[in-house]
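Multiple structures follow.
Two complexes are shown next, each including subunit A; its partner changes from subunit B in the first to subunit C in the second.
And now, the complex of A and B:
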């Protein structure tokens, strides 16, 4: 083996890589916010509605959970492109991640809702709360605690699979790394550093989540 | 005043309440006893519109509970309800448990809501637990918390559905004492209970439910010493 490691060009590109890492974090975080809201909606639809709307929600969840994330990305990229809908790489990744997050989270939320006893709603209503108040003040806060760790995992997952974005031309952390690597041929060095950056991002997310949980859930 | 007229309740084809007629006067304490499945809980749920009814009427202070257009949320504020399962809200402290509904239902200011919450928690003997979460409270304390939570809405009526049935025997007393206190303060109460001692000492009248019908209603003395219904005689013989 006579590969000579050259770390200097990688170090010089570090600011660009870190900037791309922020983009990764941003798209993952945004897809989580949207994913939580939509996932909540999907789980409520699946629990309370009938007919085509429910069928659509179920299909969403099934497809998001049971097909490769890569295919989901390609669908929103090349699939829609083939029928003339051209989205920017950023949007393709955001939509694909949101689609995936919402599907997984919907299933988590459903489990969470089942774990909160109906009697909590009864007690809330008996105090004169509206159904909406009972849900937002009593049920959902308890559900959020139950799904907190699954949600954290999903956020980590969103960061990691956002790396697929480079395949649709998105210059997030992996895309940027690929760009530099192919320019300089220091492929191993670049991807090694990038792996470290991903690792650190994930550790920061997990650390922050654990700190936040101590503030949020004192019971 | 609560006026129940010819109340019929079905769950599907199951006829659970078969024409109940009952008046509860202001300040009265009514205990309701009867075998499991006789419709006691359902009666309470029909009174505060947690269940719909199929025939008859329930009138509370002149308002038809089940009429279209009745604001049930406003109505429920008049009627505090305490369940067999404590249903404390696990994610809120004792103070927050009690202050929430005054704040979001009665639209009180945060500080007023907290004040009334603290006051009611003291009232039920939980003045030193304001910042505790339910998980740190015993069953008896959680049930008293539930009572304080209902009282913070300043209801005119309190409905108790076997408030002590799920408690360890040594914790029953503290909850009954709280209920007794309310009765002495003049609260109008309907208490579904298995506690014959409580029914006898505290209530003005006791009602016996059997298979969806109110078979007997009379003052406790007469109810326990001279029951007329055959089913009640059997029931009392069993619980003694």
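And now, the complex of A and C:
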């Protein structure tokens, strides 16, 4: 192997890379929060409503699930840019990730809602709860328990696809790595470290999720 | 009289053919990677299910790496690593290799779940009826396990098909890269993106619809 590895510049850039990793986590977490809220809404709309609103929700879910994440990113970046809506790279990544998360989570939630029998809603209604109360106190807690693991996977997925941000000029972990790599041409070394950082992030998320699930689902 | 010269030529029917060809390349790289990756993945899944602790300590962590690092990073790393060990790879080759390993990592989990979906009592009774290990695998585990995990395998396959868009980063002209080339020439960004999206949708949606129908039918 005729290649001299140079790790020193990479180590020097490590603080910046770790800072960028925080940005990755931030945008992924934010897109998850928004994705969960919108996904819940989409799945409820698809189950209870008719007409154009339902059609819109179905289109959203199917588009998010049947086109590549990179395509979605390009659409919100270059596509909207072409019609005069110029977003910052941060917003492009956040919107594309949220769009994607919401679509996938809506499908998961639908499965979760199906698993809670209708009789429970009727029982809680006959105990005097309003429909809203029945949903927020009886149904949604159970649904969240069912979709907890799919949600964890979606969070990991959000972190992984946020790496595509480097293609629209977003300086999260991958974008920052790309920036340093093209400055020094030490492409392999930089991306190797970045791969390690991503691996650690994913392990931390999975570890935290399993710790949290032990606390949340004690009963 | 035209006072300004135009750098950009509009979208022509020929370009649609260009995109269709690129969609064909997306399909081709996906079929290759999904095919190889599934064979490898089923093998790994089987290995994981027979070698309980040894497998969990050796193959599982390695496969786990490919699931925990973004595909785009894997592609860039491998594409830059290959020349170091004297391999001359085209973007297509590098793409197929990484997508195959990526698919294998995902399929190994699916295959393992499929094998473990077949209860031990059933497999013991197959063996006590005089079936050999491989007969038990072929006539008992395969049909039952396949039923249990076929929809999730389709999910993995569709995921890989969509993720193959990332090979464009290495310079392979698949559907998304082709659309970018056209956008640079025609400046019809929205139209071309919409067509590229429609191609992806047309490739993916019928299969995902079929999978969910199948899942519904089998769960009854």
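Basically, the second predicted complex is superposed on the first by the 219 of 219 C-alpha atoms of A that agree within 3 Å, B and C clash if a C-alpha of one lies under 4 Å from a C-alpha of the other, contacts with A are read in each partner's own complex, and residues count from 1 in each chain.
Assume a residue touches a chain if its C-beta (ideal position, glycine included) is under 8 Å from a C-beta of that chain, and two chains touch if they have at least 3 such contacts.
Here the structure is a predicted model, which means the values were calculated and not measured.
K.L.:
Taking the superposition as given, does A:203 touch the first partner, subunit B, the second, subunit C, both, or neither?
P.N.:
Second partner only.
K.L.:
For A:138 in the superposed arrangement: first (subunit B), second (subunit C), both or neither?
P.N.:
It touches subunit B, and subunit C stays clear.
K.L.:
Could you look at A:127 and tell me whether it touches subunit B, subunit C, both or neither (first, second, both, neither)?
P.N.:
A:127 sits against subunit B, while subunit C stays out of touch.
K.L.:
For A:119, decide between first (touching subunit B), second (touching subunit C), both and neither.
P.N.:
In the superposed model, A:119 contacts subunit B only, not subunit C.
K.L.:
First (subunit B), second (subunit C), both or neither: which does A:97 touch?
P.N.:
neither
K.L.:
Using the touch criterion from the header, give the chain among subunit B and subunit C with more contacted residues in subunit A.
P.N.:
More residues of subunit A are touched by C.
K.L.:
Would you check which partner chain A:36 touches, where first means subunit B only, second means subunit C only, and both and neither mean what they say?
P.N.:
neither
K.L.:
Check subunit A for residues that touch subunit B in one structure and subunit C in the other, and list them.
P.N.:
In subunit A, nothing is touched by subunit B and also by subunit C.
K.L.:
Can you tell me which positions in subunit A touch subunit C when the two form their complex?
P.N.:
Residues in contact with subunit C: 1-3, 62-63, 65-71, 74-75, 78-79, 81-83, 156, 160-161, 163-164, 166-167, 174, 187-188, 191-192, 194-195, 198-199, 202-203.
K.L.:
Can you name the residues of subunit A that touch subunit B in the complex?
P.N.:
117, 119-120, 122-130, 133, 137-138, 141-142, 145, 217-219
K.L.:
Within the complex, which stretch of subunit C touches subunit A?
P.N.:
Spelled out, the residues of subunit C in touch with subunit A are 65, 68-74, 76-77, 80-81, 84-86, 158, 162-163, 165-166, 168-169, 176, 180, 183, 187, 189-190, 193, 196-197, 200-201, 204-205, 208.
K.L.:
Contact residues on subunit B for subunit A in the complex?
P.N.:
48, 50, 73-77, 79-81, 83, 85, 87, 89-91, 100-101, 104-106, 133-135, 146, 149-150, 153
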